[in-house]
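In this document, chain identifiers A, B, C and D correspond to the written order of the chains, with residue numbering beginning at 1 in each.
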Amino acid sequence: MINPYLLFGLLVVGAVGVVMALPRRGTNPQVLGAAVAGLAGGLLMLFLGLKAGPDKIPNLFFYVFAAVGLGGALRVITHPRPVYAALYFIMTVLASAGLFLLLSAEFMAFALIIVYAGAILITYLFVIMLATQAPEEGQEDVLADYDTRANEPVAATVIGFVLLAALTVMLFRGTSALPAPAKANPDLLLADMPRKVDRLLETNGVMGPKDVIDRTDWNAGVVEFTTAAGAKMVLERSVGKGGTLSEVAADGTRKVVRENAWPEDLRVTNAELLGFNLLRDHPGTIEIAGVILLMAMLGAVVLSRKQVQIDEDAKKARVTQLAQADPSFDPGSESPIELVQQPASSLEEAAR
Amino acid sequence: MELFALILLPLVFALGVVVLPAAQSRVVALAGMLLTFALTLVIAGRFDTADTATFQFAKSVAWLPQLGLSLSVGIDSISLLLILLTGLLGPICILASWTAITDRIKTFHAWMLVLQAAMLGVFCSRDLILFYICFEFTLVPMFILISLYGSTNRKKASIKFFLYTFTGSVIALAGLVYIASQHAAMPGRSWTFDIAALASTARELPLGTQSWLLLAMMAGFAVKVPLFPVHTWLPLAHTEAPTAGSVVLAGVLLKLGTYAIYRFVLPFVPMAVVEYAPFLAVLCIIGIIYGGLICWVQTDIKKLVAYSSVAHLGFCMLGMFALNHTGIAGSVTYMINHGLSTGALFLLIGMIYERYHTRSMKELGGLGAKMPVWSTFMVFFAMASVGLPGLNGFVSEFMCMMGTFQASSAWGSSNLWGSLTDVRPVGVTHGNLGPWFAIIAGTGVIIAAMYLLYMVGQIVWGKLREPAGHDHNHHHEGDKHAQGGLSTDLNAREIITLAPLAALCFLLGVYPTPMLKIIETPVQQTAALIEREREGLPTRPPKATPEGVVHSNAAGISNNAQEARQ
Amino acid sequence: MNMTTLTTGFVPTLAQAGFPEVMSQVTLGHYLVVAAIMFVLGMIGFLTRRNLIIMFLCTELMFQAAGIALIAFGRYHLDFSGQTFVIFVLTVAAAEAAMALALIVLLYRRKESLNAEEWKDLQG
Amino acid sequence: MTHHLTMLETLTSLAVAAGEGHAGGAGAMREAPQWVLAIALLPFAAFLLNGVCAALKVRNQFPAWLTIGTLATSFGLTLYLFLNYFTGADRAPMHVHGFEWIHFQWGATEAQTFISNFAFYIDGLTCLWILFVTGLATLIALYSSEYMNHDVGLGYCRFFAAFSLFVFSMLVLVMADNLLLMFLGWEGVGLCSYLLIGYFYKKPAAVAAAKKAFIINRIGDLGLLMAIFSAYGIFGTVEYSKIFAMVAANADGAGNLLSVNTWAGIVLPLLLTAGAFGKSAQLFFYVWLPDAMEGPTPVSALIHAATMVTAGVFLIARLYPVYTIDPALTILTLVAWCGAITAFWAATIEMAIFDIKRVMGYSTISQLGFMFAGLGLLSPTGAAFHTFTHAFFKATLFLGVGAVMHGFGGQLDLRRLSGVAWMRGFGLVGIAMLIGSINLSGVPFTAGFFSKDMILAQGFTTPSTMIGGAQIVAWILLITAGMTAYYTFRTFFRVYTGPKEFNPGDDAELLDLGRHPKGTNLEQWHKEHGHGHGHGHGHDHSHDHGHAHDHGAGSVADRRLQTRIDFDPTTEEFDPHPPGWAMKAAILACMLCSILAAGLYFMKTAGPGAEHGGWVGSMIHPSSAHFASPEFGKTATHMGQPHEPAAFFGQDAHKLMYYVSAGVGLIGILIAAFLHGPKGWQGLFIGNRVIAEKSRADGLINLFGPITKVARNKWYVDEIYDAIIVKPLHVLSHIFHLIDQYIVDGIVNLCGAIPRWIGKALRPTQSGEIHGYAIGMAGGVAVLLVLVFVLTS
């Protein structure tokens, strides 16, 4: 879509920015790197938008969410402190949820926020806290060595951006070759939801509680029903704005009873479509997902119950540490058993 | 059905060994082996000797019909002989390990039974894949027998044995499957692994293809035999294997290779065999002389006998590649005879090893005075191995060499038979070998005498030498306990293990005619088949593309065309 | 609530309740670029960071990217299987989080460190 | 069988139609009664029963009597066979069928069969052989029953089992009706020879000698085996009767002319000759026979003098028709020359050595040379006659020597013994030795004289056009005859006559004569065998009853050793141990036979051929040995025909040869008497020896200098073989072993090692650092994608 040389140039700049942003000892131009990377990303988006033209340019919110999401992602991978990384990740998740909304995936958007931001990330935070040494009183909070140094930043970034270059070029090429989607009528699905139809028609006063639906044609948007009194009624969406409700005489002539009678809700929502897709079209998926979750739960229980023998090295380190802290500490008196930590029952709950 | 029963019976008993307590393993395994042997005898008894070339007791159960796989069994007289040999050696092996195997008894006996089943399966199968599965499956039990029950260097030996033979057979499988694919590609034919069907397909292939197939198959089977340059796993495996393992290895497992060559190489790629017979024969002869001379400088008895197998199997293969009836029949009888005599030699060595825990001829010698019964058997089997007329080894060795001697097309020409002889002498066949091959191979007979008498001279004759710490004055009391109550000379159990072999060695030496008669028809057919191909050979290159292949190509093109239209 | 505005103009509206309209290939490309960048960032993070927890966060990041791409494609094709797949991904991510975090806690108890390089002995 | 017979008949009729001058061999066959099989099978039964005895640990002389009885029955049957079937006018070969041994059909046509039955073909030649084989075997079994007494309960059963097996094999060898069955007997006698030479298996020398005998025999056997293959290739059969018929018809199985076929005319007999020379210790194959003297003396007498070693002679005589295929008689010429050279060669060695048993051994080689020369000089009758007489007189000599060994504690050095014949109980031995010696020397009117004379005379009468240099061969033989007389009587005069003197203890001097086996360490040899065993016959002498040196403890062997070590000839008294009745009876019988054999020369029987060669001639004439092919028959009028008296110094060679050979023999004896004879009449009044050790010959030894030493060491042939064949082969074997370990197996290991090296090279990538793996994976994906990108754009 955009000139490949421009694209590659931007990617190189972005890569330089990411390398700079990654944590390292000594002079740490993280901010500058982030700025460079952000600049590259922004320019890329700009060029993309410009190239797209006014009729195909995405919603404005797309840019907002993309910027927030990618910025958060960059921070996740560059922030030396795990807690902050996790919090930035929540930001990314929220931004993704926004993108999902833009993509008409409301259910997924909220599910993402609830499951990811609500449950998984909280578990992460718990674990981060469990697995981080609390700073001693009066001591400076010292970052662990492994958090302050990135591992092979240049190689990883180069590989990543080569991959990115290949991906973007290919997706530009691929998207333009995609076949145009065939739009189906989602309302056909209403045939599978007779009770929803009944309910909606009744609550909107189109049908009485004793009325019986005779025939529906969701393709054409026609509902025929017989009232308790025995009159034949026809509800047609296709005729007039908002649909008309007519009474059909015995000779076939119709008399409009009510304009604008088609209930606003008498259509299929995205969530319903998703539900049908999930449960009717892919029932195996949900089974497999269930099994996976069950196994994960069992696994987490088993793992966290495991008695762990602390390494000899770690034990020594712990003993010397304790001895330094407490001069009365006798290495012989303390049973090594105590060094073995009890299973963390909180983990299991967190896993659920 | 009998043959399926034959294959399953040892497996059932193997299961029994696994389930029952270890104390009963030996008895159960022995019972299983004896029953299997009895069943082989029953089958032999019901075998129609008037029709030895047909595969009798044939039974085929569809397995994966889509791929043309079937559990297809059937035996001709050659399979029958080898089945009998396998059946006989089974109980002997169990008896031979009666006191030698003391720990992990269950494992040992269960695997012995599984091995028995696999070996019987090889000889019974008429389906290529069933054959191959059984052929390869013999490796697993053998690997376990060597690596768990072998002597000091067992790990290396077992791994080498396994990898070496396995690598070879995978190449052979590739060749065989290629034939099957060629078969499937022919018009009107579908995938099948029926050996007879594949044989006729393979024979239609051009010489060049056949040569490659020969190479592939020999890569697998020659390693198993083992032929000269690919023999080095054998001495190692033999030396390290437990007695029963050595016996089975020498007695039956090596025969899998020769049997496969008889079953596959000769009828599948006759043109290529005819073409390369001299080359293969030279390898055999090198094996005979080279293996024999190496035997001569061994100090380890077991290694000596192991290398002697290289030399002996060289004779066996030489006869096979003579490609005439005499040679092939000699080769088939050699399989049986070598199994009996060399198996017995390994048993004898095992008995010594059990008593003295050494195999070195430097430490051990002059046992003639101390163990007269053992020594008698030793001399007897050594002589059978040397090929003394009147014992079994001679018949087959003689036939192999005579087949080689006969197999010379040059015999009708002036350079060999005198300038004026224009009609071929009566006693010769077509072939590319001839007297020189026989004479040079014949030096192997002398070398065999040299090394076997050297061995006998070292351990049977001479002054008594026993390993240090084996004080023979106090031997009787002191060692009773240490050696599980083994007597100085052989005990009744050991004599029982040896006696049937000795009796057969003698019987097959004195009266081999029934055995020769029973294998006559199938071997004649094989020889005639090769003869037909040989006659076709000179005119072969012009029609290098046989009709079948042409058809298949044409069919392939039309298929493509059809697809294109669709 | 006008569905056409979403794709035709630079209009600051969020999603709509009704069944979506057809999306252009160019718009799809935008989403995919974002997904690709996020994926690569996650990958770079996985490759460069030594902290086991951050490495796992990075894998989650890659999951996110995959999810965006899937949903975008589903949106383009007007097929909800994309979302179904994201549900599956979400499930796997949750399961993975449970297992992986339990393992991380175990590992941390052994070595008192979250450094992935401490565990190179696991190579076997 | 009917089928075979019809085929035979066809071939025979073919032969009759084509053949003129066809004397015998393929004439009409007689069917022999089935009991003839028992002649060979009885000894086999004895073998099995002896095996049972061994298994039952029989501790008495039962095995011996069992063997003697069986062999005597066998001899009786043979005699019956001879009297009933080979005394009349019909001397056609007999045939008896046992069972099918090796049978197979190797081609589609009926003719493409291989048939080798356990069946016997008995003609005069066979009959002659089985007569002396069974007869001598019975006598020697009787002798052994006493001789081997010291091993009762130990190796007694083993000895007689092997002995019986030997007789069986020998009978199969001579009676077989086809080449392959003959080969069974051929190898069988080799095996028994191996077992019996190595009878004293604790003695390294015996074991080595046994091994050597077997292996050298095997070299010849290979030739024989190849000959069988060739014969089958040419004739399409291995059965004698068919082969003879085809040779008679001068056509091979396919109808090709035989006489122009070089393979049939030259190669086949050459291969046969190789087999014959191996078994009969001719030419360069002879080395095993002297060493074979390590066996017990009865074995030497039976196997290594009378029977087994004559198998080669038998082979050539049996297949004489094959030798006559070639009109030029190339191979027979070769046989004649080789025989003569061997005879002379062995005689030179004999004159130098001091070991009386080995003198006999070499003399056997020498006499076998005479027999081969006889065959080569176209006198199979002479060869057969000499074989026959030699069997008896050499057996007599050996048994005599055995009695001496038995009596004098294994003493064999002729410088340590003197006047044995005058000692108490040894009188018969002395007479027997005298009879044997005059036979061997060819003193007129002895059997040996006539048989040797037959060969010599034939040598001078055979035209050089047929056998190239026949006269030179005859001259060599004549000289050898003189030498034979000398060395025979040298032994006789030294050992049996003169002052009574004996020295049972050996010193180590003999060891220097090269008597220790090849390949053993001399030091160790001394240690193991002590003084008393130094000469290598320690076990033979040593049964201890009647000796005062029984220490009563340990095994017999130990006792023996004690005896020898403790015995000091200067201070202790030694009782010579005279032979008992059984040994005496056997010696007496052999002696009588060798005297009576002379009469056979004059015996005229009904059959043809008796005019030349007497009884033996009448046996040989109708047999295959006297066969003449049509081509050959035209020129060889002397075979069975009254021939032109050939000139020998202008006289009839046959008549003159009586005198010449008698003269040469007598001169030899006189020289022996002069050099070695004792003073007085015992030394024919020309000797002057007074003690055992010194004689006039000592001076002669100095005169000849190194030649005697070299001759005494058998011309170092063993050493030469060792240096040019055994050692290099051994080195080669070691090299092969190294090649196998390091090159052949090395390549295999290399193939196994390459993946390992690659793995080692790649190992750092598997550091266990997850980042490494992840980078690798991501990089791989990136590279793949770029590749796809590049390839698709």
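What we mean here is this: contacts are C-beta pairs under 8 Å (C-beta built on N, C-alpha and C of every residue); 3 or more make two chains touch, one makes a residue touch a chain.
Not measured: the values here are computed from a predicted model.
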Chain labels contacting chain B and also chain C: D
Per-chain Cα centre nearest the global Cα centre, belonging to chain: B
Euclidean distance of C-alpha centroids - chain A vs chain C, Å: 7
Rounded Å distance, chain A centre to chain B centre (Cα mean): 67
Distance from the mean Cα position of chain D to that of chain B, given in whole angstrom: 38
Chain centre separation in whole Å, for chain D relative to chain A (CA means): 103
Shared interface positions of chain B, touching two or more other chains: none
Residues of chain A touching at least two other chains: 151-152, 155-156, 159-160, 163, 167
Chain C: positions in contact with at least two other chains: 43, 47-48, 50, 116-117
Touching pairs - complete list by chain label: A-C, A-D, B-D, C-D
Residue ranges of chain D touching chain B (in the complex, touch as defined): 54, 99-108, 111-112, 114, 180, 183-184, 186-188, 191, 194-195, 198, 201-202, 204, 207-208, 210-211, 214-215, 218-219, 221-222, 225-226, 228-230, 232-237, 252-257, 260-265, 528, 729-730, 732-734, 736-737, 740, 744-745, 748, 752
Interfacial residue positions of chain B with respect to chain D in the complex: 160, 163-164, 229-233, 290, 293-294, 296-298, 324-326, 329, 366, 368-369, 372, 379, 383, 388-390, 394-395, 398-399, 401-402, 405-406, 411, 416-429, 435, 438-439, 442-443, 445-446, 449-450, 453-454, 457, 460-463, 510-513, 516-517, 520, 524, 527-528
Residues of chain D that touch chain C when the two form their complex: 766-771, 774-775, 778
Of chain A, residues touching chain D in the complex: 151-152, 155-156, 159-160, 162-163, 166-167, 169-170
For the chain A and chain C complex, residues of the former touching the latter: 1, 18, 22, 41, 44-45, 48-49, 52-62, 66, 69-70, 73-74, 76-77, 82, 85-86, 89, 92-93, 96, 98-109, 111-112, 115-116, 119-120, 123-124, 127-128, 130-133, 144-147, 149-153, 155-157, 159-161, 163-164, 167-168, 171-172, 175-176, 178, 180-184, 186, 267-270, 273-274, 276-278, 281-282, 285, 288-289, 292-293, 295-297, 299-300, 303-304, 306, 308-311, 314, 317-318, 341, 344, 347, 350-352
